[in-house]
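These notes concern the structure reproduced below.
Labels A, B, C, D, E and F are assigned to the chains in the order they are written; within every chain, residues are numbered from 1.
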Amino acid sequence: MFALTVRDHMMVAHSFHGETFGPARGLHGATFIVDATFRREELDRDNLVVDIGRASAALTEILAALNYRNLDEDPAFRGVNTTTEYLARVVADRMAERVHSGALGEEARGLVGLTVTLHESHVAWASYERAL
Amino acid sequence: MFALTVRDHMMVAHSFHGETFGPARGLHGATFIVDATFRREELDRDNLVVDIGRASAALTEILAALNYRNLDEDPAFRGVNTTTEYLARVVADRMAERVHSGALGEEARGLVGLTVTLHESHVAWASYERAL
Amino acid sequence: MFALTVRDHMMVAHSFHGETFGPARGLHGATFIVDATFRREELDRDNLVVDIGRASAALTEILAALNYRNLDEDPAFRGVNTTTEYLARVVADRMAERVHSGALGEEARGLVGLTVTLHESHVAWASYERAL
Amino acid sequence: MFALTVRDHMMVAHSFHGETFGPARGLHGATFIVDATFRREELDRDNLVVDIGRASAALTEILAALNYRNLDEDPAFRGVNTTTEYLARVVADRMAERVHSGALGEEARGLVGLTVTLHESHVAWASYERAL
Amino acid sequence: MFALTVRDHMMVAHSFHGETFGPARGLHGATFIVDATFRREELDRDNLVVDIGRASAALTEILAALNYRNLDEDPAFRGVNTTTEYLARVVADRMAERVHSGALGEEARGLVGLTVTLHESHVAWASYERAL
Amino acid sequence: MFALTVRDHMMVAHSFHGETFGPARGLHGATFIVDATFRREELDRDNLVVDIGRASAALTEILAALNYRNLDEDPAFRGVNTTTEYLARVVADRMAERVHSGALGEEARGLVGLTVTLHESHVAWASYERAL
């Protein structure tokens, strides 16, 4: 199995609700360093997992819709705890849509899996892994 | 599949026995940067893999029992080569006990797997992965 | 010259004003990984630059006053652009006060300088260096 | 499952052919930071996944055959796009040969899998995973 | 003193001449992770060392002129050993020109110094520091 | 000013004496990731700060005399607290001797300064800077 990962980041504000979160219930923020990992069984005819330029552009585009925002005000997350693990799935699902729509190229339809990891600090990170 | 990782570290002395180890048979030491990764299929009602505060506290507590010690003198490791990979299992098994005892919260009983990685330097690390 | 650095982090929300900032004028956030570096010409009688336990505790305490907050609502920053470089000075100046008040121990009065670096992402960081 | 990883690096020149590659069709180069991860179900009698000294030496030896070269002139890669993901397989397959030939020690025959990851920059890396 | 650093990278081929270089006399390559650090005594009216967007764009532009190339064929480096330390000065000097020409904004004329660091691997890096 | 840094590591046991050290008074250990930084005003005729091969070899040699040892039993450190900052000076001074003796090559006599940094964990490091 082959995998290729590209990295980018976003800087957002948000708050959490529920006793579990303690001080994180207040409005605060995070830099999320975001790794998108694409998997396939065999390389394409160019010897690639996916066109790295298109993969990076897709990741940047997905993050641009979240970057420099207060996620509490994004209708897509109304009433939702936008935890690191939850956001990993959001990014992964939006990337999967792009793979399926052909935005990463025809060859990308041969991808079989995707993992998105969000690093919230040097001591904590979370990921979501899914099939494609 | 979701995963969440927290990082901490410990600083221990130890020695190895057996010809394989060469100069590492002498008493020496290591800083182990320790990553504990928790996995679950679906997020809990707070959108978490596990309460990060409790997970971090559990990891710190487990490492505190080893930190600043000479492992050669720990009865738990009498006659044992406390290699990086072996210690990864020790930490993982002690964390699994805490998950099962409820120390990481009731929701943590929904965890399905655990990986512990110990970085012994910038060029070598080892891990142990187990079910929960 | 000797130096010792300890690292911690904080997660804050804030927004900027002024055309220079473009999309960063919206409320967003950041994880700041914070390095505090202490300098002195000669080591103290324990062969230390500063007691690392006290230095770490002081840094954690300083960051706790900012962590998990919206800096736009902190009276200390009313009307101020809390840029990464500006916050580096805030943390450094608050640390300097602690050094001078004796909170880092009597020996810490022998420190001659301090640098605080805030990493806002894997591709950008800022620092402020001052005498003590 | 246990895993052990060792890290080394190589510095090579190469070029790509095919429209996908854009400016990377010109002769350029890369530092590849190479991680070789070995997996086994149970530790050997020394409590090791593999002898780290032998594993590191094998990785250095494999990379030495590629290091400081123009891969376009290596007969093994004639007409081949030596992408990061492709090279991950090359290194993995060469390591597998060494495991099977006994170069990593008799105990290494108990290894069940191998992953090789090549980091081409701080924002992109690729890997190949195979059974042993 | 304040400092701000931005990071980018380039991937180049080159070779060295002279006995000192041993195997590096052959055509090979490198990924250089490039950090540009800007210094000033006091922050500008926006509380910035330099507009990070403009600084990043300038760095990307400078690296684009070198990226994906064989430096041996660049007329600017005819007969020159393009070592990591030498390239650090090339990037720094080209950045200094941009600062002086106003490409980083009028406020950037208040910068007093610049350091460029090129990381050639996880175990070696070089830098050049100059006044502005 | 130019600088070049090479990185290596050592794994040692030691203990501290004095109330300041708390639990670190027990025999424990550390992995020290060691960075040696060499500085000079102008590059040598090969466009180098120092021959990186010789610099790396010298660092490895210096660390080999400490690596895999209990520093408490090293006569050079009898009664001494071998703190991270103290060891940074030990390594720096031993490197300076090598520079002065010609072990890093004749050109290395043009070096003007040296900094050695020891990373004891991902959250703490210390350095010693000296002239040459």
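Please note the rule applied: contacts are C-beta pairs under 8 Å (C-beta built on N, C-alpha and C of every residue); 3 or more make two chains touch, one makes a residue touch a chain.
Keep in mind it's a predicted model, so treat the numbers as computed, not measured.
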Residue-number overlap at the chain C/chain F interface, same or different (half cut): different
Duplicate of the E-F contact set - from B-F, C-F or A-C, the pair where over half of the pairs recur: C-F
Contact-richer chain pair [A-C vs A-D]: A-C
Whole-Å gap between the CA centroids of chain B and chain E: 40
Approximate Å spacing (C-alpha centroids) for the pair chain D, chain E: 30
Of all residues in chain A, the ones touching two or more other chains: 7, 122-123
Residues of chain C defined as touching chain A within the complex: 7, 9, 11-14, 23-24, 26-33, 67-70, 120-123
Residues of chain F touching chain E in the complex: 1-8, 43, 46-49, 51-53, 56, 105
Contacting residues of chain B [partner chain D, same complex]: 16, 18, 20-22, 80-86, 88-89, 122-130
